[in-house]
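Paired with chain B in one complex and with chain C in the other, chain A is shared by the two complexes that follow.
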Partner chain A sequence: MSATHTLHPDEKVKAGKIGGQMAKIGIPLGLVLIVVAYLLGPKDNGARIFQYGYLTAWLFVWSIAVGCLFFVLIHHLSRARWSTVVRRIAENVALTFPLLGLLGLGFILPMLAGNHNLFYWDYFKAQPHEWQHLDHHMVGKGGWLDPNVFAIRYVIYMLIYSGLAWWFAKQSRAQDESGDAKLSERMRIAAGPGTLVFALTTVFAGFDLGMSLSPKWYSTIYSVNIYGGAMIGAYAFLAILTRSIQKTGRLTHSVTTEHYHDLGKLLFGFIFFWAYTAFSQFMLIWYANIPEEIVFYKYRMFTDWTNWSIAVLLGQWLIPYVLLMSRWTKRVLPVFMILAVWCLVFHWVDLYWNVMPNATWGVTHGRVTGPLSGPLETHHVQAVWQSIVIWLGMTAVFVGFVGTRMKGNLVPVKDPMLGPSLGFENY
Partner chain B sequence: MTTAEATEPGHAGHGDDATPREKFRSVTRDIAWVAEMPKPPKAWYVALGFALILLAMFAVSIYHVITTGIGEWGNNNAQGWAWPITNFVFWVGIGHAGTLISAVLYLFRQHWRTSIARSSEAMTIFAVMCAGIFPIIHTGRPWFAWWMIPHPNDMQMWPQFRSPLMWDVFAISTYATTSVLFWFMGMVPDLATFRDRSKSKVKQVIYGILALGWRGSARQWHRYERAYLILAALATPLVLSVHSVVSFDFATSQLAGWHTTIFPPYFVAGAIFSGFAMVMTLLVPARSLFNLKHIITDAHIEAMCKITLATGTMVGCAYSIEFFIAWYSGNEFEQFTFINRALGPYSWAYFIMVSCNLIFPQLFWIRKVRLNPYAVVGICILVNIGMWFERFVIIVSSLSRSALPSSWHYFVPTKWDIMTLAGSFGLFFTMFLLFFRYLPVIAMSEVKMVSPEAHAGPDDHH
Partner chain C sequence: MASNEDDKTTEADEALKGEAKAAPADASDADHDEDAEVETSGGSADHDDAGDDAGDDEGGDESADDDHGGHDDDDHGASAQGELYGVLAEFDTPGGLVKAARKVKDAGYTEFDCYSPFPVHGIDDAMGIKRTVLPIVVFCGGFAGTVGGAFLQWWMNAYNWPWNVSGKPAWSIPANVPIAFETTILAAVLTTFFGMWIFNKLPQVWHPLFRLDRFTKVTDDGFMLGIEARDRRFDLDRTTELLKKAGATEVEPAFLDPDPAAKVMPRWLWGVIIATTVMALIPFALIFKARASKSSQPHWHIFGDMDFQPRAKSDSAFDEFPDGRANRGEIAGTVATCSSGSSLPCDDDRYVKSDTAFYQGIEAGQWITGLPRQIDVSEALVARGKQRFEIYCTPCHGYDGQGAGIVSERVKKLGGAWPARNLVDAKAGVVTMPNGQLFNTISNGFNTMQGYASQIPVDDRWAIVMYVRALERSQNATLDDVPADRRGELR
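Then we have the complex of A and B:
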């Protein structure tokens, strides 16, 4: 059984300079990498591959922040104790939403400025009216998939995420000063409606930012699958970030193997959940074999993308799922860190696999074809190195953003649940 | 275990000044009293009488349908599944809360589950029994049901493994087996307590056989705990798999309104939703009837209300997503199906579904409602009605307006449809009432294990 502890007298709980250092190194380094990727990469179709790579990388960092925000919400909603010591770190990650919103303008502004190379529906809208009416599937949703309406929705999503993250972080930090237990109660009560708002926002954000890349294709479970992947990314990132903070001499007594063990269990659980949603989507579409749906898998299974599909299956699900099943892989920290990095890498691979196959579209032989159409041999994996560099750059910028939020205490020092969290043990 | 007198629960062992030993003893005494009281309350007899009448009706209706043919139901060429499969999915759903409480909440260290786990597990088994009957009688030739079990045979006939209906056979039989094992194994220490406390020779022999020679040694407890954890880990994926596989029955098809990828998690959430509602429908009156309010407390009911609210809201979100994607797809058949659901001939059923599953459970946001037993039972009954109608809407409204307008048909149930459904409640309630009277309804050892008295520290009451 767990016991109640107090903070170790020698514990370093203040962020100090660590946040500033992360920001100073991460943001410029990341921006340089992104610029280099642009300059050295292919420029055809308005640098479309760069835009798709940028969107993939942005979805990667966005999903980690989404997962960390959910971590905070569910902590309060379920009155969790064990996670109190790592909650502040998750709050700091979620606080990056306003900055991520700005980073996302990297693909929103070109669209508004008339570059129609990212979203096929945007290109479609820019075509002559008579031509558009040949495709009634697209015309019907023209009001929804409109650049201006889309941009407004994007702003709404970011405002909701930012507002939720800001409110919970504000209460939590206020408790550091006052120690008022009522603040915990207030956060617990707000977490219920907060989770509902979060869920609806994530569902529509997923449809817009991922699913609409292939606007004729649809799947009701799509955003649930994206959410599952986001949670894998968030738990892996949280574990790595916490361990990195500990390497600087902070939180060395507060966060123990027990907490990593629980992070590992949740990581394992969400790998299962992600696989469950991915299987539900795949199996039902494969079984029914309806033309407008099956294209999602057809162009991923029988083109250059075959190996990526196998990599997602093995890397995002089977290998970490089997390895994280054991107790020791979650408790021997060097091993757990390797697995966490593995999960982060394959979370990006999964997003890349989701986004990139939609990039092949345009006018071929005088005929306009949308994403996931045309001959199989015209679908290729293109300039992977460029997307990797953008992803590394975006991750560095994101780490820098997290650094800008890392101020004051790294644990909620006066949270009533801190004691049980410090003394938490798996038994 | 020590032999103790069969005494009516009083206040001994309940006060703040009671020693831990007295408190533990009071838990055993109060729970055992449900089975040991010389005569159960009159309400139990009334309920059992009513349940037996329904059960008899079930037997008569099944006999009639089997001997006359399933044409006695309102099913027709367009509505091949209609009520029987609606009832099947409804009962499988009810059976979900048991495994969730016993396995998933166990793995999540939710210790409040201990007071309600046993009766929920029992409910699961009885609900799966009810569920299993419907597809078997729906075949029209239940004497060939054994063909569904793959076995080498002279005719070289094998089940169609590519059919989700066969996956159902495997998923549900696995679920039933695991649930029975989990339920029975968890009961062994408590059955030994019953054996030791029994005065009558017959009871001593019966409980003695069921207790499998349990002596409560450290070695036995160690193995019991290990086995419990392993069974919990095995049962957890089943919570997801059973209703996911049931959802495949619909979602693998190409029928608009059935083929949607969110069905697996949406069905699971709906099943947990209806399962918890049924647990509360049964336990809220039962705890009053058998003086168990201090063990199944308001806090337990509140926690279950919150899970019902959460899962109900998830189901509501899924309804919205389905509607949105039907519009977004640009597929006129999808769009027609959903508009037809809300505004077509079955709009009354759709209205019942939405109000019972989405609107009424929102009252659980209010603490006063969660603490009012009448309100809780009332809302839970509405949820059960709503969840039955959800399956009815999915199955009947989609089939009644399929892609071929010449097949359109408005389904009307016959008296045999109604009798079979009502009768299945007779089987369910009869089994539950007998369980409540003759078996340990609450896991005594588990309740003691998580009580504050079991731990040295003042802060260890998870």
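Then we have the complex of A and C:
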């Protein structure tokens, strides 16, 4: 029954020191790992593989923050009850956007400073005028895919994300003091337009940061698929983070198996959402077999990347989908935690598979050859270990960033929906 | 609710008699004079599930009917009452219903059910209902849908009626995923829907509770709990009291319909079921009729705008353009991305096609008789040509090139004549045609044959030329063409 409960008298809802500890360990450790990966990794083509690995890792943490921001928005938009106890944690994750924006300068600044080895369109723009005229397809996109314009858009995306996260967190924290139910209503009203702004921002950010790596290729569902992956990452990360916080003795009474069960249900749902969009993209391109579109899959299916493609299919969809179908895998927490970690790992594999095959391009035989072109046998998976170390490092930094935001209460203690959320049960 | 086993049939007869008498009197809320009698009856009456038995009991027990006669003036009106089915209690709120359900369960009752206008959270637990096995059944149904959908497509497309569409494989997993996905959902949804009805033993339009006016509220604002008389612990007064204590605003007994015919589906419902089934079969009947009969009428065009599209075919007249042609030429100002005239590095001629021998089969105004320099004759090239030939050319020219492909054979069978050119007959002209002209025919067509330039890449067209030459040679071979040391193998 939707019995309204109150916070358990012994419940520790204050974040206390854990935020500081996360930041103190995570940020230095992560930065060291990233620097080590750079120093030990290949440096050819202006350390391009490092840059691609960095971008992949950044997209990973960005997508988790994006997913958590959406979690907050949809909570208010749908007037959810059950998720109230984990909403503050999601708010804290989303609050890392300004810091993630700074972290992203790691690939924006080199581009502005004249390193043209990340985005092919950036490299192309730097070529002599006559060369450019050989490729009308690229020249036509030159106004949009320009380093300065790109950097400005990047800043706008990050400002929008940060603004949304900050505004909702501010209202939520103000409610901790006042307990004013009108704040809930205000957030609910703002969540509608907020979701629209969020959706448009994510679509453009996905196009810019992911799809523009192979600027001649396009797929209108690309960002939807990236968003689906982001939600997988966010639910898995939220479950693991919440469980970790509980291990420190906090929130032990508030967050129950029921809440993990619901996180698991949404994780399960978004795994299929991701697979649905990924297959939609694949199916249409595969069937039409048009040269400029098919390259995306041609260079992922018939090169060194074949096994990665299979890994994405099985690891990001089939295996977790089947395993999360049952009720008990979501309710037996050790099992659910293993599955959540699995989903996080394969979310990275998916992003790596999206980003990295675009890294093979350059000048051959006096001609500029873009990404996803040239002989199949020239496309190799390069220095995976480096990308993995960067990813681990970036994740550590991200956890540290989340720690810096973890202050005050870990649940919205005076939210009118807290009672129903505490007493929430799955039937 | 799941029915309890018939584990207490022993006292049934006596109990029936006693209760049948007691019930109507009690129902009128007149008094409790007959309490003693009800209690001595053992408090339990088992009504068999089968309608026939219930009917027999009724028929054999005249006293029950007599009783009804005597009580006709009560509030319960003129309708005759059968034996006691149970009691129905009404509650004000869903919360009250849940609390009451828990109390009833704790009191040891098993044969009861709750009724509400919407799903009430927690009611399963309060009633002590086990988790349903429906999800597992639905999973099996959905999986059967996946396998069935995939099998259906494999059987139709790859086994029963394989059809060569431009050399595409008859069976390919990605192309079959959407249908298998849909059949999965369809099968899972149908299993859910019908499984829910079957597990709940629905429909029961004859359910005794429908005979109570109060029960109609259950689809609007009534929260009800019914306890059946066949429950081991059932006792009209005590049960009523329990329910009242549990917060029931009203408690009312319910009786079976004395007419055994009432325990069947009403006739109109059968009518609806039969009518909808017959209507669902009409499309299939029409399809079978169409398959089994001949007609001189044109096709039905269900999607007219798909069958007759407002577009102009290539090389047709089109008045909207000033030159009266549907074809549009190259757009002015178009620049090839790589041109041989440019001083910039460029290693192919794909865009400007200045090499006329390769792209048109013409050199210095003449059809070339040899091959363009880009083509190296090899077994792999001829094999490629054979494969392409069998995709694009065999429908009309046949596998042996003699012009007996399935299209021309079909026309012949229908009584017409539309022969394709015999490519290998020395008298038909193709054998003596220069390579360049043959290439040009493949590219741009000849008579009613359409050009294939848009479908077959240049390299493949030359490969087909090579294969046609090989076909001609093999079809016109003499003994001299066979290597001397292997002539003995010929008979």
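For this structure, a couple of remarks:
Throughout what follows, the second predicted complex is superposed on the first by the 427 of 427 C-alpha atoms of A that agree within 3 Å, B and C clash if a C-alpha of one lies under 4 Å from a C-alpha of the other, contacts with A are read in each partner's own complex, and residues count from 1 in each chain.
The rule is short, and it goes like this: a contact is a pair of C-beta atoms (placed from the backbone, for glycine too) under 8 Å apart; a residue touches a chain by one contact, two chains touch by 3 or more.
Quick caveat: nothing in here was measured; it's all calculated off a predicted structure.
Superposition of the two structures on chain A leads chain B and chain C into a clash. Legend: residue contacts after superposition of the two complexes on their common chain; A:Leu7 is shown touching neither chain B nor chain C. By the touch criterion stated above, A:Val381 is placed in contact with neither chain B nor chain C. Once chain A of one complex is fitted onto chain A of the other, the partner contacts of A:Leu134 are limited to chain C, with no touch recorded for chain B. Of the two partner chains, chain B is the only one that A:Thr220 touches; chain C does not reach it. When the two structures are aligned on the shared chain, A:Glu425 is found in touch with chain C, with no touch to chain B.
Once chain A of one complex is fitted onto chain A of the other, the partner contacts of A:Val349 are absent, as it touches neither chain B nor chain C.
Within the superposed three-chain model, A:Leu333 lies out of touch with both chain B and chain C [touch as defined at top]. Put simply, more of the residues of chain A are touched by B, taking chain B and chain C as the two choices. In the superposition on chain A, A:Ile294 makes contact with neither chain B nor chain C.
Chain C runs into chain B after superposition on chain A, and of the options 37-45, 55-63 or 73-81 the stretch responsible is 73-81. On chain A, the surface patch touched by chain B in one complex and by chain C in the other comprises residues 1-2, 136-137, 283, 287. Residues of chain A that touch chain B in their complex: 1-4, 136-138, 140-141, 144, 192, 196, 199-200, 203, 207, 216, 218-222, 224, 272, 276-277, 280-281, 283-285, 287-288, 290, 292, 419-420.
Residues of chain A that touch chain C in their complex: 1-2, 130-131, 133-137, 279, 282-283, 286-287, 325, 327, 365-367, 425, 427.
Within the complex formed with chain A, the chain B residues making contact are 237, 240, 244, 248, 251-254, 259-265, 313, 317-318, 321-322, 325, 327-331, 365, 455, 457, 459-460, 462. Those residues of chain C that touch chain A in the complex are listed here as 95, 98, 119, 121-122, 124-125, 135, 139, 174-175, 177-178, 335, 337-338, 344-347.
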